[in-house]
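Structure incoming, see below.
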Amino acid sequence: MTPRNPNFRTDIERSFARQGLMQTLGASLLLVEPGHVTIEMPFADALTQQNGFAHAGALAAIADNACGYAALSLAPADYDVLAVEFKINLLAPGRGESFQAAAHIVRAGRTLTVIQADVFAIASGGRVAVATLLETAIVRPMRSNRAQLIW
Amino acid sequence: MTPRNPNFRTDIERSFARQGLMQTLGASLLLVEPGHVTIEMPFADALTQQNGFAHAGALAAIADNACGYAALSLAPADYDVLAVEFKINLLAPGRGESFQAAAHIVRAGRTLTVIQADVFAIASGGRVAVATLLETAIVRPMRSNRAQLIW
Amino acid sequence: MTPRNPNFRTDIERSFARQGLMQTLGASLLLVEPGHVTIEMPFADALTQQNGFAHAGALAAIADNACGYAALSLAPADYDVLAVEFKINLLAPGRGESFQAAAHIVRAGRTLTVIQADVFAIASGGRVAVATLLETAIVRPMRSNRAQLIW
Amino acid sequence: MTPRNPNFRTDIERSFARQGLMQTLGASLLLVEPGHVTIEMPFADALTQQNGFAHAGALAAIADNACGYAALSLAPADYDVLAVEFKINLLAPGRGESFQAAAHIVRAGRTLTVIQADVFAIASGGRVAVATLLETAIVRPMRSNRAQLIW
């Protein structure tokens, strides 16, 4: 896939840096390629559910974000992306030293993009799939930000 | 709906208190009734996406949690709940002074419970629906925790 | 909700009549109001899964359709509707004399509409909820039909 | 993946043959391997939506079924499978001479299996992805059929 915005990496990094939640979760961009974005989040007690594993909400947050930026990586300059909806299936407990959400494009449309992210728990013994997330995102010019907010 | 665990409120409060993510997000239990749980989360810069609104991931986290505890409110004592999957539709930007995720039971089964949570943004002007989340959760005895983890 | 197309009932009935699948399933429009559409489908051996109950696919088909037409009931004249995605939770076996899928609007946007349909099995003893479906649909002018097809 | 039921092919074919809906839709089993099932459905006017394309409900029905039988292919003998929920994203209009839904296992658990099906439109020019469906199914012994129905 050919990016239409030559500065897509810088633009995604800047957008990511503006997200308070990603800092709160300790998440970072691990890979930004056209149509492919991976986000990493080290395990921390600040991310747990009641049994001490990573909370489904934290895994969903990085997977949703990886999907959004994978969609944005193929958009023209000065576009923004918003999640329309996503579904996540939890596959195994969120037990690991860190977590990686790797998103790839399922369908890149004019307005709507469908993206899927696989979430893995990483530990010394290898990696285990802990969730998969299937998302619809809307990609719109930034200048129509107001209109966009009421899509 | 009649609760089967007379201490369901205390048990849910204790489980909630063990969740590092809920503290990280600044979330608290606002209402715990049989089949109904509401979680509140004040807006904070630590929760934002790139435009300064509450991140879909943060809204999903409290909505998922409200669903899980609504399911647990109807379970016997010494049971635990895990999300199997959820889908969230974002309806409006997460703009408000605080957010409330209000979950109710759609179907309470022997093993699987279906729950829906409506998420509202609260501001001086009233409340606006910003998301709706439809979840399947599995409710299992705590003593089978190992088995549960591989359901 | 005020319809923007005064002929929405006739237009929906004509669109429904063009759907080969609805005739194949024996389905009909039971109610068409602004933002509310109910589709009915009598039980038949032609609709079964392996245990003789109504197949989840048949229930999904009428629920998806009820959602689409509920969205279309609020659109201007000469608009068409297409499903972007839907999720269905099966709540009980599809056992009954007939089935009704009742859709209502969750959010009516400029381009995207979110709709939910509850599916009931109807029998002499009353009605039982057998499924719930949460859908995103895109509503677009008919004249841009080509563009729409690649949304 | 190693099948636990040596007769899984025959059992799946018999179960499929009992499904009235599959006959109604003109669908057939194209491939049955451990963890992989493909269902084919030729285009017909009996399957259409309002624009003459294959209805999302018909595509969902064969994709749901492919997922269920992919799950069943890994189950012990005398087990049955029921869909708990599925989400489908429509990617392109259902335009083609026939449609194929190809399912593969995402996670095979003790009770719950997660499966994904890709749906393609087949025409002389090649094949086009028209939908993807992500499902949770429950796999249970047939003898507990009553209990299963209220899972």
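Each chain gets a letter, A, B, C and D, in the order it is written, and its residues are counted from 1.
The working rule: a contact is a pair of C-beta atoms (placed from the backbone, for glycine too) under 8 Å apart; a residue touches a chain by one contact, two chains touch by 3 or more.
All values derive from a computational prediction rather than experimental measurement.
A.B. asks: For the two copies chain A and chain B, what is the rotation angle that overlays their Cα atoms, in steps of 5 degrees?
C.D. replies: 180
A.B. asks: Tell me whether chain A and chain D, two copies of the same sequence, contact each other through the same residue numbers or different ones, using over half shared as the line for same.
C.D. replies: On the two sides of the chain D and chain A interface, the residue numbers are mostly the same, over half being shared.
A.B. asks: Could you put a whole-Å number on the gap between the CA centroids of chain A and chain B?
C.D. replies: Once rounded, the distance between the two centres reads 21 Å.
A.B. asks: Give, as an integer number of Å, the spacing between the C-alpha centres of chain C and chain B.
C.D. replies: Distance between chain centres, rounded to whole Å: 29 Å.
A.B. asks: What whole-number Å value describes the gap between the mean CA coordinates of chain A and chain C?
C.D. replies: 32
A.B. asks: Which residues belonging to chain C are in contact with no fewer than two other chains?
C.D. replies: In chain C, residues 84-85, 87, 89, 92, 114, 136, 150 touch at least two other chains, as defined above.
A.B. asks: Tell me, which parts of chain A touch chain C in their complex?
C.D. replies: 84-85, 87, 109-112, 114, 136, 138, 147, 150-151
A.B. asks: Where on chain D does chain A make contact in their complex?
C.D. replies: Counting only chain D, the residues touching chain A are 87, 89, 91-92, 106-107, 114, 116, 129, 132, 134, 136.
A.B. asks: Could you pull out which chain A residues touch chain B in their complex?
C.D. replies: Within the complex, chain A contacts chain B at residues 15-16, 18-21, 23-25, 44-52, 55-58, 60-62, 64-65, 80, 82-90, 92-93, 145, 149-150.
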